[in-house]
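One chain, chain A, appears in both complexes that follow, with chain B as partner in the first and chain C in the second.
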Partner chain A sequence: MTRDEIKAAFLEEVNRIAPDIDPADVGDDDHLQDDLELDSMDILNLITALAKRFGIEIPDSETEGIATPASAAGYIAGKLG
Partner chain B sequence: MTWETIAKTDAERRAAVLPDPDRYRKTFGWDEARAMLDGLPDGKLNIAHEALDRHVAHGDGDRIALRWIGKDGERRDLTYAEMVRQTARFANVLAKHGLSKGDRLYSLMGREAELYIAALGTLKAGLTFSPLFSAFGPEPIRTRMEIGEANAVVTTASIYRRKIAKLRDAIPSLKLVLILGDEAPDGCVALGPEMAAASDAFETVPMDPEDTALIHFTSGTTGRPKGAVHVHEAVVNHAATGRNALELTPGAVYWCTADPGWVTGTSYGIISPLVNGVTMIVDEADFELDRWYGILRDEGVEIWYTAPTAIRMMMRAGTEAARDYDFSKLRFLASVGEPLNPEAVVWGKEVFGHPFHDNWWQTETGGIMIANTAAMDIKPGSMGKPLPGITAGIVDRADGALRDCATGEIGELALRPGWPSMMRAYLHEPERYAKVFQDGWFLSGDLAMRDADGYFWFVGRADDLIKSSGHLIGPFEVESALIEHDAVAEAGVIGLPDETAGEVVKAYVSLNPGFDPSEALERDIRGHARKKLGPAVAPREVVFRKTLPKTRSGKIMRRLLKARELGLPEGDISTLETDES
Partner chain C sequence: MGVFTMPSLGADMESGKLVEWLVQPGDTVKRGDVVAVVETQKGAIEIEIFEAGEVRSLDAALGETLPVGAPLATIVKPGEDAPEPAPPRTTPPGSAAPPEPPTPPATPAAPAEAPAPAAAPARHPAAAAGEIPAASPAARRLAAEKGLDLSTLVGSGPGGAIVRADVEAATGRDRPGSAATPPARKQGLDLSAMREAIAAAMARSKREIPHYYLGHDIDLQAASDWLAATNADRPAERRLLMGALFVKAAALAANKVKAMNGHYADGAFAASDAVHAGVAVALRGGGLVAPAIRDAQTLSLDALMEAMRDLVMRARSGRLRSSEMTDGTITVSSLGEKGVDSMTGVIYPPQVALVAFGTPRSAPRAVQGEPALREVVTVTLAADHRVSDGRRGAQFLAEIDTLLQHPEAL
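What follows is the complex of A and B.
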């Protein structure tokens, strides 16, 4: 998977949890909580969704890794090796 | 399994503010709590004076009142003397714009340092302060501003543009919009230059103890949210409970993680700690595991008041994640918002060296009523015993009259009215207010039981209100937003048990002709609800039904939806007219 594909898949999952957010409007460096106003329950649900979609584990202590689409693409790519 | 009682040592008892709470309870009178305060001449009172100015008068002006930590780690220390000056400036800004005693100022912003200045500056000027949760969507904001007839709001430019600008015309009472920073959109006033130009001296407006100080909104099962009115006299209870239930002593480093948009974040995140002269930590950011562990360690937090959802998030990450942190400064841990499960109480002892002390109160009570205090042995899962000055009971409402429940019997948790921080009204709704009092009791709407040792145990809500991440959510408000969606004909909203949040909001909807259930529609409805209500209040899941179970009078039977969802007995369904399909 390329980083762009990962990012697109990531945004799909964000939109599934927070359908008020249109992936097309999201900037690469938009912070999910600070800019897009996801709350902590959203983030927990997102972690579960990403774990399922990518088959990776994201420890709660590493949630900063998926804080923005850009950082998430890098973080997930790293996990996928 | 039953959990072993956590017994306190003699040393722990001796170190507690109340070494023998049972004995103290017998002798305590509210005049003793009033004596903790300075008051103003002629029997007047002002919360802001008790929280700030008097400490400066007593020579403690150099103590840090508030250590603010920004999202990016920036820190700002405000001493008591600086808070006095800043709140004076804010009060002068309000006066300059023609606002005076009795007017109502709302706040709508994250945990910026200015929020704390605005809260106390508002009270200092004799205005009523009403904090709103910044993550609310436009709909809850509009309703609350309408009910409370907001005269002024202090917010940020971004929140104003997204959430207030469009509804401004609907709130004719709103005269002044103060915007944080140096620039403001059209029709608003930038707070930065106003504060800079204002005098840092202001004579605190002396209030009658029964004058309104705060309005906190709380959800109702039906109808619009209720504005619980609290008066300046409430500070008597804030002073007493801060000491007795939370161990707040002068100079202690204290962190209340609650947002002032909810009652805990105001009563125990602003007023009680400052009245008790502590140094309070304010973190602008939301929960993040390492950030929180880091704050506890680096700031040397001694007393920590947090919430079950956050504790459960920490537990998820495991004890391992906490291993590298030194929490040795911590000496008292407390939790509120919803019942804390016994595992979490015990987990506190394992990881932080101290158990969590659960306590119970609600928006209407204004302050802590029932608590596990420092010297008390803890029965994990129990909310503790009534604090000094508080008489609590368990009653049964059957047949129109109240009956005292026996030990161990489940009934409604009730309190004898008369404590200083009791709400004085639901704004504009005397009938709704009268309904919560009966036969000399205030009825809490919570179901609980009392054991043979006098400990109280929470059982559930007596009504349909939903407790999610400590927030009380009214199903009616959520249903109303859902049916504003073109596709939705009817909606029923319930709370489902959730490991982390306590409960999560789930909605059942039936559709208007011409609409068919689909994943895309489910998302569209959820997106609509999030935009209207904000993520904390909107449903996390929406399911479709052809019809919803209703009574003869057309009321949706939420109780039945929930029982079926959870596989519980359906109970009395004699009033069911149309069933779910």
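What follows is the complex of A and C.
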């Protein structure tokens, strides 16, 4: 899976949690909480969805890893090895 | 024979627009079934029915904006004969093969006496400009996902109702070149209308309710440590948020200090035996809703967390239920991780208290006579002076404090 594919899948899950967020409108460095206004419940729901989709665990302490689409692509790629 | 009417979904609601029937004449319904979808200023709400029986007739047409209390359907209770003639309709029940479940009944009941501007005889273009047309649930959901305005589509379903295939066809048409696609919109949510609704309810609250306010700092270190240890061993789907501990502690405290929990109506307070905790959910882009979690005082933290997750997901996608909008007996507002230290809330009538938890922060506290850095949260109570006074309010906040010192017992 390339980073672009990971990013696209990540944005798909973001859109599932907040249907009004159009993946096409999200910048690579948009912060999910500061810029897109997701709250902690949304973030936890997103982590849960990503865990299922990619078969990875994202511990609480590493939440910052998925703070933006760009960082998430790198973080998830690292987890997938 | 019962008449199912347009429910009031909150202090601020005067009317709602019927956008979808999920039952048709002849269907059997039981208490709690979702039978219709109504568009309100707070988005699309699934309307539940509170009596059991058989749907005899649908008495309101899709697209009609109807005042609270207007008849929507006639329900025959089990064992009743139903001698009374239903309003005339174009299709006799059971004569032809009824439409399959996913498509809503296509024939609206005749307008009868009710003002029915939308009940035009020919429903071919799915709706007149600006109206919400008849559409199947799947079609509505897909259209919302794609940011499509249903009123721009022509339905191919029975009676011109829009079905999923129509939306798919339209998105296929519009998709390439996403610049041409309309900006993504929240499902059926008109933010200026919601702002008006919030303004009306809050103005009424401030006009009628003599608020008093109390604030209290709670040492959250024990709860915070417990939460971190608990979550460390859990997969994401079973993790808890501090917000769940707050709601549980507030619900247990409200169950003990009854003057915080119930409804004030017609000049009198009626305490509630159960705590239906309205959980304030800020909607992205503005506005908020506070759907209720029933019997929150009896739920385990895990069950409560599950209910809160589900509520937030459905608030985002516009699928809250009518009972959730009205059942709340107290509101809990939690500012989350990225907020400010405290908030002084406005009570949501007919409730009599709102408890707000600020964003937890690290702050110096005296611990056994020594200064120490501790996790701290400021909790603020807004309560109704017609029902309680500061002493009772203080008791309530002190109880929350005590409960949060023993998170494992919540």
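The working rule: the second predicted complex is superposed on the first by the 81 of 81 C-alpha atoms of A that agree within 3 Å, B and C clash if a C-alpha of one lies under 4 Å from a C-alpha of the other, contacts with A are read in each partner's own complex, and residues count from 1 in each chain.
In the analysis below, a residue touches a chain if its C-beta (ideal position, glycine included) is under 8 Å from a C-beta of that chain, and two chains touch if they have at least 3 such contacts.
Predicted model, so just to flag it, every value in this text is computed and none were measured.
For the composite obtained by overlaying on chain A, chain B and chain C cannot both be accommodated without a clash.
When the two structures are aligned on the shared chain, A:A51 is found in touch with chain C, with no touch to chain B. By the touch criterion defined above, A:D34 reaches both chain B and chain C. In the superposition on chain A, A:D42 makes contact with both chain B and chain C. In the superposed pair of complexes, A:A24 makes contact with chain C only, with no contact to chain B.
More residues of chain A are touched by C (comparison of chain B with chain C).
In the superposition on chain A, A:E64 contacts chain B only, with no contact to chain C.
After superposition on chain A, the chain C segment that clashes with chain B is 37-45; the remaining candidates among 37-45, 91-99 or 109-117 show no clashing C-alpha atoms. Once both structures are placed on chain A, chain A residues 15, 18-21, 33-34, 37-42, 44-45, 59-60 are touched by chain B and, in the other complex, by chain C. Listed in rising order, the residues of chain A touching chain B in the complex are 15-16, 18-21, 33-34, 37-42, 44-45, 59-61, 63-64.
Residue ranges on chain A touching chain C, taken from their complex, read 15, 17-22, 24-25, 33-34, 36-42, 44-45, 47-48, 50-52, 57-60. Only residues 144-145, 147, 178, 183-187, 228, 231-232, 235-237, 239, 241, 243, 282, 284-285, 308-309, 312-313, 316-317, 336-338 of chain C touch chain A when the two sit together in their complex.
On the chain B side of its complex with chain A, the touching residues are 71, 135, 286-290, 309, 313, 316-317, 321, 468-469, 500-501, 504, 523-524, 526-528, 530-531, 534-536, 540.
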